[in-house]
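One chain, subunit A, links the two complexes that follow: it is found with subunit B in the first and with subunit C in the second.
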Partner chain A sequence: MDQVGATTKASRMVYLSSIVLLCLWILGPLYLLAVNALSSPEAINQFPMSLIPEFDLESLVFFMKFNGMVDALVNSIIVAVLTMIFSIGLGAPAGYALSRFDFIGKEFFRVMILMTRAFPLPLLALPLAVLFIETGLDDTQIGLSLIHTTLALPFAILITFSLFSGIPKELEEAAWTLGCTRFGAFRHVVLPLILPGITASAIFAFVISWNEVFASAVLTIQNRTLTAFLLQNLDTAPLHLKFAGGFILVIPALVFIFAVRKYLFAMWGISNR
Partner chain B sequence: MWSQNKQLPYVLIAPASLFLAVFFLYPFLSVITQAFEHSSSDGYSLKNFQDVFSHWKFSISLENTLLLTAAVVPVQLALALLMATMVNGMTKGREFVLYIWTIPLGISDLAAGIIWLVIFEQTGFLNSLMMSLGLISQPTPLLTYQNPMMIFVAIALAEIWRATAIMLVILVAGIGLIPKEYYEAASVFGASRWQQFARVTLPLLRPSLQTALILRVILAFEVFAVVAALGGTLFPVLMGETYTYQFDLLNSGAAAAIALVILGLSIAFTLLILRVLRVPKGVSI
Partner chain C sequence: MAAISIRNISKRFDSYEALNDINLEIHDREFMVLLGASGCGKTTLLRIIAGLETASSGEVWIDNRRIDHLPAKDRGISMVFQNYAIFPHLTVADNIGFGLKMAKMNAATIADRVQENAELMHIEQLLSRYSGELSGGQRQRVAVARALAMEPDVILMDEPLSNLDALLRLEMRAELKGVLQRSNTTAIYVTHDQVEAMSLADRVSVMDTGKIVQAADPMELYRNPATHFVAGFIGNPPMNFLKAQIVRSNTWKVAGVDFTGPSAFSNELLCAIRPEDVLLAASGLPAEVLMIEPLGPHLLVTVSVAGTPFRAILDVDTQVEVGNQIFLDPIQDRIRWFDPANNLAVSI
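Let's look at the complex of A and B:
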């Protein structure tokens, strides 16, 4: 009996320590990046590295003052916000239609949406570069956000589809019988319930755009986004600039995953089927 | 009431459909035509492909992309399965652990490359560690052309670190769909933890495994920014060559040709995964 107790205790120890180890595997590299970003340029080039940051903001200040960096940061935010608006604005109605109506072509539409994920979407930036030059959309924030919307829209449709499906039709029907119009019922009954989920998928769209490198680098020249700017300067930029840039790129990710953690699995679970 | 309005669903999906037609279907078709149009001649030809294939960098970048995928994806699959099963049995702290494990989901590939550069650059943490262990007496550059293996390892580690989370999320969602009764029945018949995993979890997880693998393999063929940050031009990959042709050499025909190669690989592997992991007809959880 004692021996059984000992083995279960031992296996529990192995189990718990592997969980801790895997957490450290994720957090360790992030910590090391933070150490570098929060140290002075001299400390970064010094050897061997200290494991404790100096809490010196010189690198980050240098980053912010670097020519074109603030513009790139602003561009990234504008493009991401536009992507967020486009993908929810276009995606939510489609998600609602999929969840509420049976119509001819529904299955085809759904499969098409799923299929888009099987293509290397950033590559579509190549022919669009030509189209954009012809229409004057080249090197603009709105042009780039349209490409990013192509990346984010299928997700927005599938996520909102699953969110709307979670709200019973009967609630809306009850509102109609109480004299609400179709729009009124949507506005007063469905919308309040769905808003947190919509926010989550909007944040998701924001991050897809914020993180995208390839299309941003191909489609912008003057109006570089942060990722495109960093990529362009990888060869020449000093280390502390790269690390500060990486740090700024990562911060929204931490907030984002925390904000949408409740929805993460529902989002992916539904898009499996 | 729902069926009364015949037009409404079409009105609702029209904006999204129109958008995807312009920004997905159109560029998809024109990347194909672009690949077959060469500046030196009218009409369609295979010249772009000939140009690309005959360049010495093509076969290396193809080889590198495939090798990297072959090294990274199996590790990620195993790791994601391990993490998903571990978290499945958890009661306390499950949400916290999952939050930490899914952080990389929000991190861009460029940032991931920079994060691992912190460790692998000359005055970075790996050299600092080796120094304090007495293995080296002074920091030597690690990511150089004399050291292709080190570049490969650094890129592979960064990819495993960054992109295991996407498989994890899909698998955790998938495991959540498996009814608990199956496990109860299995343990009534005396199945061990391993047998439960091999006989219950794995077969029932097949649809999720399919999705996770397809998504991950396609993304692996698109690897770009991680490589740019860690290997630069020392480790050419297909997506990087596409970028070079489009941006540095201003040869969009050749860029489109490589794009089609990536697309072809993606489709071929999607079909392969669908075939190998096919879900028998009529079976569902």
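Let's look at the complex of A and C:
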């Protein structure tokens, strides 16, 4: 009896400490980032530095005034919104088709969706850059958003696929027998049911684009996104500016992902978390 | 008016033949039950009538209208699904009124009809709830109310009671029967439960491997099964079959006993006897008792008659024990005969 108690107690300790460790792994750097972004430049450079933020907005204000920073921020938002529209516009119908229709090559298609993530972007960057220059898409927001769409699309398809699969076909059929066309049934029954999930998947696409740095750095020169802009200025920028930039980058991504985490679980079939 | 005519309907899924040349006439206001084991094609047939599945060949007519090319919404049918299919994002009232709203009726009419049908199904106190807040039985009531609110020519039901627990099923069965008798709709009802079929139907169509083997009113089906399959399917337990050898023109020997049967046309027949149609007697079919199951109202006794297992329903006070040698006397005019060559019933 004691032994059993000891074992469960020990395994519980291991369980708890791994949770704490994982949380520290993520939250530690985030906390340091927040402390530094919210401290005055002087405080950042002093040693030993304080672990309690001063809530001094000087760094953030300076960051916002930094030449080109606002443009980069706007670019980031535009590209992310375009990515969001493209990946849902293409991904949701694909997800619907995968969950509702049987077609030749369906399984192959599902594997291929994941395979698109198997090619590292750096490998594709040079040919893509050449292609973009030839077609005139280089250094445009729409061109970059197309690249980001290819990154976000697999997730958009898989998330919407699982969302549609979670809606019994009988609901649509019931709507048909109650006087709906196929489109009507979609609009009146399926759409209201998946709208929260679609929103989540759109936000996820937004975050993917928002965080993406490699393609942005390679494919834009004038129209830098925030990530590319920060990367470019990393060497020369003063420390407090880097922290402020990092902070601005991390916060929206973090908030959005936290808001939609339930649906991201759904993508892997664990919908009841 | 809504008589349904199903003509030469076949359905193939790749190489598998789900329905094989189905012909069925369903009269106006008739309650038709499609009865069969799972996989016999009954649900497929219902879905073809509903327009949720397309037949490989054949025609479906409602009155003088051929409907098999029409989408579900234009067929004048409504359907109750096995798992209810209540829209989870709408209240009970909006669920019941969904079809009416799609038909662009005015709000006052919709509200009236919703109220009327909710009262009919005794769910008027649930109108503002969502399906997540309802029990299985309540959901089923919503599904029926939603179908009835459409005032359809034909109402189709796909095992609507199979997800309910036994007591609730009994209650809903009686209620459904009453509600549908009062409404002037033709009903087609799919089930694998023969008691449900017998109790609800004006006529039952027994299906087996994609064919309708017999369509008749419940008592006729029970008394005069048209085929060996129906005799062995209907009844709980179903009919017993014993081999019969010809003695002379209309006399057949079953387990050493002579019975009057059909006029001779072959040397061997199957003699079919319902379990409740035998009496314990001093003479008759010799039987050895193998097992006794007391079921409350009666005893279900499994015996061996000339090496063939045979089940008999005897009075609960009957004194028998396992291993006893007894005699079972069948009620003569309830014995049925089947030809083992083609499995069809042979009349006397």
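Just so we're on the same page, the second predicted complex is superposed on the first by the 241 of 273 C-alpha atoms of A that agree within 3 Å, B and C clash if a C-alpha of one lies under 4 Å from a C-alpha of the other, contacts with A are read in each partner's own complex, and residues count from 1 in each chain.
The rule we apply is simple: a residue touches a chain if its C-beta (ideal position, glycine included) is under 8 Å from a C-beta of that chain, and two chains touch if they have at least 3 such contacts.
Because the structure is predicted, anything quoted here is derived from the model rather than measured.
Participant: Touch check for A:S18: first (subunit B), second (subunit C), both, or neither?
Facilitator: It touches subunit B, and subunit C stays clear.
Participant: Applying the touch criterion given at the start, work out whether A:A10 contacts subunit B, subunit C, both or neither, answering first, second, both or neither.
Facilitator: A:A10: touches no partner chain.
Participant: Can A:M112 be said to touch subunit B (first), subunit C (second), both, or neither?
Facilitator: First partner only.
Participant: State whether subunit B or subunit C is in contact with more residues of subunit A in the superposed arrangement.
Facilitator: Answer, by number of touched residues of subunit A: B.
Participant: After lining up the shared chain so the two structures overlap, which partner does A:V70 touch, if you call subunit B first and subunit C second: first, second, both or neither?
Facilitator: Neither partner.
Participant: Quick check on the superposed pair: does A:I133 touch subunit B, subunit C, both, or neither? Answer first, second, both or neither.
Facilitator: In the superposition, A:I133 touches no partner, neither subunit B nor subunit C.
Participant: Mind working out whether A:L178 is in touch with subunit B, subunit C, both or neither, as first, second, both or neither?
Facilitator: Only subunit C; A:L178 stays clear of subunit B.
Participant: Counting only touches as set out at the top, which of subunit B and subunit C does A:L193 meet: first, second, both, neither?
Facilitator: second
Participant: Scan A:E170 for contacts with subunit B and subunit C and give back first, second, both or neither.
Facilitator: The answer is second: A:E170 touches subunit C but not subunit B.
Participant: Following superposition on chain A, which residues of subunit A contact subunit B and also contact subunit C?
Facilitator: Comparing the two interfaces on subunit A, one with subunit B and one with subunit C, the shared residues are 173, 176.
Participant: Per the contact definition, I'd like the list of subunit A residues that touch subunit B in the complex.
Facilitator: It comes out as residues 15, 18-19, 22-23, 25-27, 29-30, 32-33, 35-36, 44-49, 51, 86, 89-91, 93-94, 96-98, 100-103, 106, 109, 112-113, 116-131, 146-147, 149-150, 153, 157, 169, 173, 176, 182, 207, 210-214, 217-218, 227, 230-231, 234-235, 239, 242-243, 245-246, 249-250, 252-254, 256-258, 261, 264-266, 268-269, 271-273.
Participant: Provide the residue numbers of subunit C that touch subunit A in the complex, in ascending order.
Facilitator: Listed in rising order, the residues are 50-52, 71-73, 77-79, 81-83, 85, 87-89, 98-99, 102-103, 146, 150, 156.
Participant: Provide the residue numbers of subunit A that touch subunit C in the complex, in ascending order.
Facilitator: Within the complex, subunit A touches subunit C at residues 168, 170-171, 173-181, 184, 188-189, 192-193.
Participant: Under the stated contact criterion, what part of subunit B meets subunit A in this complex?
Facilitator: My answer: residues 1-3, 5-6, 8-10, 12-13, 15-17, 19-20, 23-24, 26-28, 30-31, 34, 83, 86, 90, 95, 97-111, 114-119, 121, 123-125, 127-128, 131-132, 139, 161, 169-170, 172-174, 176-177, 207-208, 211, 214-215, 218, 221-222, 224-225, 228-229, 232, 239, 242-243, 246-247, 252, 255-256, 259, 262-263, 266-267, 270.
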